[in-house]
C-alpha cells in the first residue's frame, strides 16, 4: 500500500489525538504569537467610544452556554467593560433563557467588576433578565417595555429602578449591542426594533459561523459594527488593554487549531491528487 | 363535525392575529397598537406552556424504554436516570422560584450551581464535538474533486488563515496584502452571495406567511380534520 | 470553606460531563450515554423551571393579587396545550398554536419585507458605479468591487430562478447569470466553512481551558473514562464473537 493510501486509512482517533495535543500545547504555555487588528474591530470600538454621556444602551445577551464559553463570553465581557468605563446607561436583557443567567457571569469578570465599582445598580445599569417569545417578545418589548417586563431579575418593579423612568420603548434606546448565538438574534432585532426606531445604532458580537451572513447587514448599514467571532474578541481585548495570559493562550490555541486543520486539508488533498491518477489506471 | 372542531376556526384566528400585528405596525391607530401589544404580552405567557408538551413527551418516551427493557440490557438505566434528573431539576427550579420570590430560578444558589457546572458544561462539550469531526472531515472528506469544490476549498483555506490571529504572519512583509485579500473575500463575493441568498429567503418567508394566512399551509395545526 | 468545596466539586462535575461527552470520539460508552441523557434532562428541566417562574410571577401573581385579572385569558388558552395528548380534544390544542403562529407570522412578515428584502435591494442598487474620492480622485478598486457585488448578487438570485425555461432568450440570460451566481456561492460557502472552523475550534478551546483549571480532575477522569470505554469495547467485541 502506498504512503498516501496508508495515510488515508489512518484511524480517525489519531486525528483527534493530534488535535488534543496541538491545542493543549499553547494552552499550557503561551506562545505569544503576533496578532493584527482588523478594521471591523476598530469600527466596533469607535462606535462604543463615540457614545455620548447619558446614552441608553440595550445589551442583548442572546447566547447559548456553548457560544458563551467559546467566542461570545470574551466579546460580552470586553463590551461590558468598555460600556462601564463610559457615562452611559446599560439595560441588560436576553431573549434566550440560557443567556439571562450569564449576564451576572459577565459582571463577575475581574475587569468588569472593577469598572462596576463606579456604577450603581438601578441608576447606571439594570438587568431585565429573560423575555420569552423570541421575535414576539422583541416586538412587545420595543412597543412598551413597562408592559412587557414587570420587574428586573431580582423581582424589583421597574418603577423602583430610577434609570427606567425615561426608558419606555425602543425609541428611548440609543444603541443596541447584541451578542448573538443564533435565532432570535440580530436579524430579528432589525425586524422589530430598527423598523420602529430608524436611528437605532446596532452593534453585533457574532459567532464566527454567523459572520458571513452578518456582513451583508454591515454593508447595508443596518449594523454599524461587528465583532468577528473569537478573533474579534481577542482584537477588542487588545485595543482595550484587558488581555490576560489565559486570553493570550486562547489566541495562540486558535492559531494552532487553524494550522492543524489546514495541514489536514492540504495533506488530504495532496493524498487525493496523488492517488487519483492510480485510481484512474485501475479503472 | 362541529364547526369549532374543524381547522377553519384556528386558521381564521391565525389570520386575524397576523393582520392585527401588521395593521398596528403600519397604521398609527392607538387602539390597534394597544390591542396588538396586549395580545403579544399574552403570547409571552402562552408560549411557556409549550414546554409542558416537550416535558411530557420525553418522559413518556423514556418510560416506554424502561417498560420494554429486556434481561441483560442495561440501557433502561439511562432512561431512568434521565427521568429522575429531569423531574429533580424541575422541582429544584420550582423551589428556587418560590424561595427567592423571583421569576428567575437561577437566583437560587443550588439551581445556579447545577446550571453552571451541568448545563453549561454539557452544552459546550456537545457542540464542540463538531471540532473533532471538522478536523477529521478536513482530512478525509473535503477533497477538490471538481473545480467548484476547489474554489470552495481555496476560499475556505484563505479564510482560515485570515481568521487565525497569527495566520497572516507567515506571509512576512506580504501580511497586510494577505489581510486585504481576506477582507476582499469577506466583503465582496461572500457578502454578495449571502445577500442574494438572504433576499431569496425573505421572498420565501413572505410567501410562506401568505400561504399560512390564506389557509393553504395547515401543517402547523397538526394532523386531522 | 463550603464555597471552596462547592467550587472544587463543580470543577470535577464539569470535567466528568465534558470528558464524558468527548469520550464519544474514542468509542461509544456508558460515560457518553450518561452525559447525553443528563444533557437532555437538564436542558428540558432548565427550560421548564424558567417557564414556571415566568408564568408564576408574570401571569399568576397578578391574578391572585387581583391587579390584572385579564391574565386569566392567556393562562386558560396556554393550558389548552395539554390537549396535544388527547385524541378526542386535540382540536383545543390548535387555538393557542393559531394565536402564536398568527402573531409571530405577522410580525416576521413586515419585518422581513423591510430588513431583509427592501433594505438589502436598496443598498445594492445604491452602490456607486463610479467611485470618486474628494482627495484621492478616482478609486478603481472600489469601483470594480461595486460592479462585482451588483453582478454577483444578481447572479446569485438568477441561480434560483427555476421557473424560466432555459430554451428561451430570458432563460439563456438567467442561465449565464446563474453560473456567476454558482461560483459566487462557492466562494461564499468556502468563507462560511472557514468561519465555521473558527467557531467550532473556539468552542473546544473554551471547554479545554476549563478542563485545565485542575489537572487532577482532568487527567484522572480522562484515564478512568478511557479504561472503562476500552473494557466495554472489549466486552462488546467478545459478546459479538460469541454470538
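Letters A, B and C name the chains as they come in the text, with residue numbers starting at 1 for each one.
As a working rule, a residue touches a chain if its C-beta (ideal position, glycine included) is under 8 Å from a C-beta of that chain, and two chains touch if they have at least 3 such contacts.
It should be emphasised that the depicted structure is a prediction, and the values quoted were computed from it without experimental measurement.
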Q) If you tally the C-beta contacts, which comes out ahead, A-B or B-C? A) B-C
Q. Which chain's C-alpha centroid is most distant from that of subunit B?
A. A
Q) Which whole number of Å gives the spacing of the CA centres of subunit A and subunit C? A) 14
Q: Go ahead and note the Å separation of the Cα centroids belonging to subunit A and subunit B.
A: 17
Q.
Can you compute the centre-to-centre distance for subunit B and subunit C, using the mean CA position of each chain? Integer Å is fine.
A. 4
Q) What are the residue numbers in subunit C that touch two or more other chains? A) 25, 46-47, 50-51, 54, 57-58, 100, 103-104, 107-108, 110, 112, 116, 120, 149, 188, 191-192, 195-198, 201, 203-204, 206-207, 210
Q: Find every residue in subunit B that makes contact with two or more other chains and list them.
A: 21, 25, 38, 40, 43-44, 47-48, 102-104, 115-116, 119-120, 123-124, 126-128, 131-132, 134, 138, 153, 156-157, 160, 163-164, 186-187, 190-191, 194-195, 197-198
**Q.** Touching two or more other chains - residues of subunit A
**A.** 16, 19, 66, 69-70, 98, 130, 132, 136, 139, 151, 155, 195, 208, 211-212, 216, 219, 228-229, 231, 254, 257-258, 261
**Q.** Footprint of subunit B on subunit C - complex, ascending
**A.** 6, 9-11, 13-14, 17-18, 20-22, 24-25, 33-59, 70-71, 73-75, 77-79, 81-82, 84-85, 90-91, 93-110, 112-113, 116-117, 120-121, 124, 145, 148-149, 152-157, 159-160, 181-198, 200-201, 203-204, 206-207, 210
Q.
For the complex, give me every residue of subunit A touching subunit C.
A. 13, 16, 19, 23-24, 27-28, 66-67, 69-71, 73, 97-98, 130, 132, 134-136, 139, 150-151, 155, 187-188, 190-192, 194-195, 207-209, 211-212, 216, 219-222, 228-231, 246, 249-250, 253-254, 257-258, 261
**Q.** Of all residues in subunit B, those that touch subunit C in their complex
**A.** 4-7, 10-11, 13-22, 25-26, 38-40, 42-56, 58, 75, 78-79, 81-90, 92-94, 96-97, 102-105, 111, 113-132, 134, 138, 148-149, 151-160, 162-164, 184-203, 205-206, 209, 212-213, 220-222, 224
Q.
Could you list, by residue number, the parts of subunit C that touch subunit A in their complex?
A. 25-26, 46-47, 50-51, 54, 57-58, 100, 103-104, 107-108, 110-112, 114-116, 119-120, 122-123, 149, 188, 191-192, 195-199, 201-210, 212
Q: Could you please specify the touching residues of subunit B with respect to subunit A in the complex?
A: 21, 25, 33, 36-38, 40-41, 43-44, 47-48, 100-104, 106-107, 112, 115-116, 119-120, 123-124, 126-128, 131-132, 134-136, 138-140, 142-145, 153, 156-157, 160-161, 163-169, 175, 179, 183, 186-187, 190-191, 194-195, 197-198
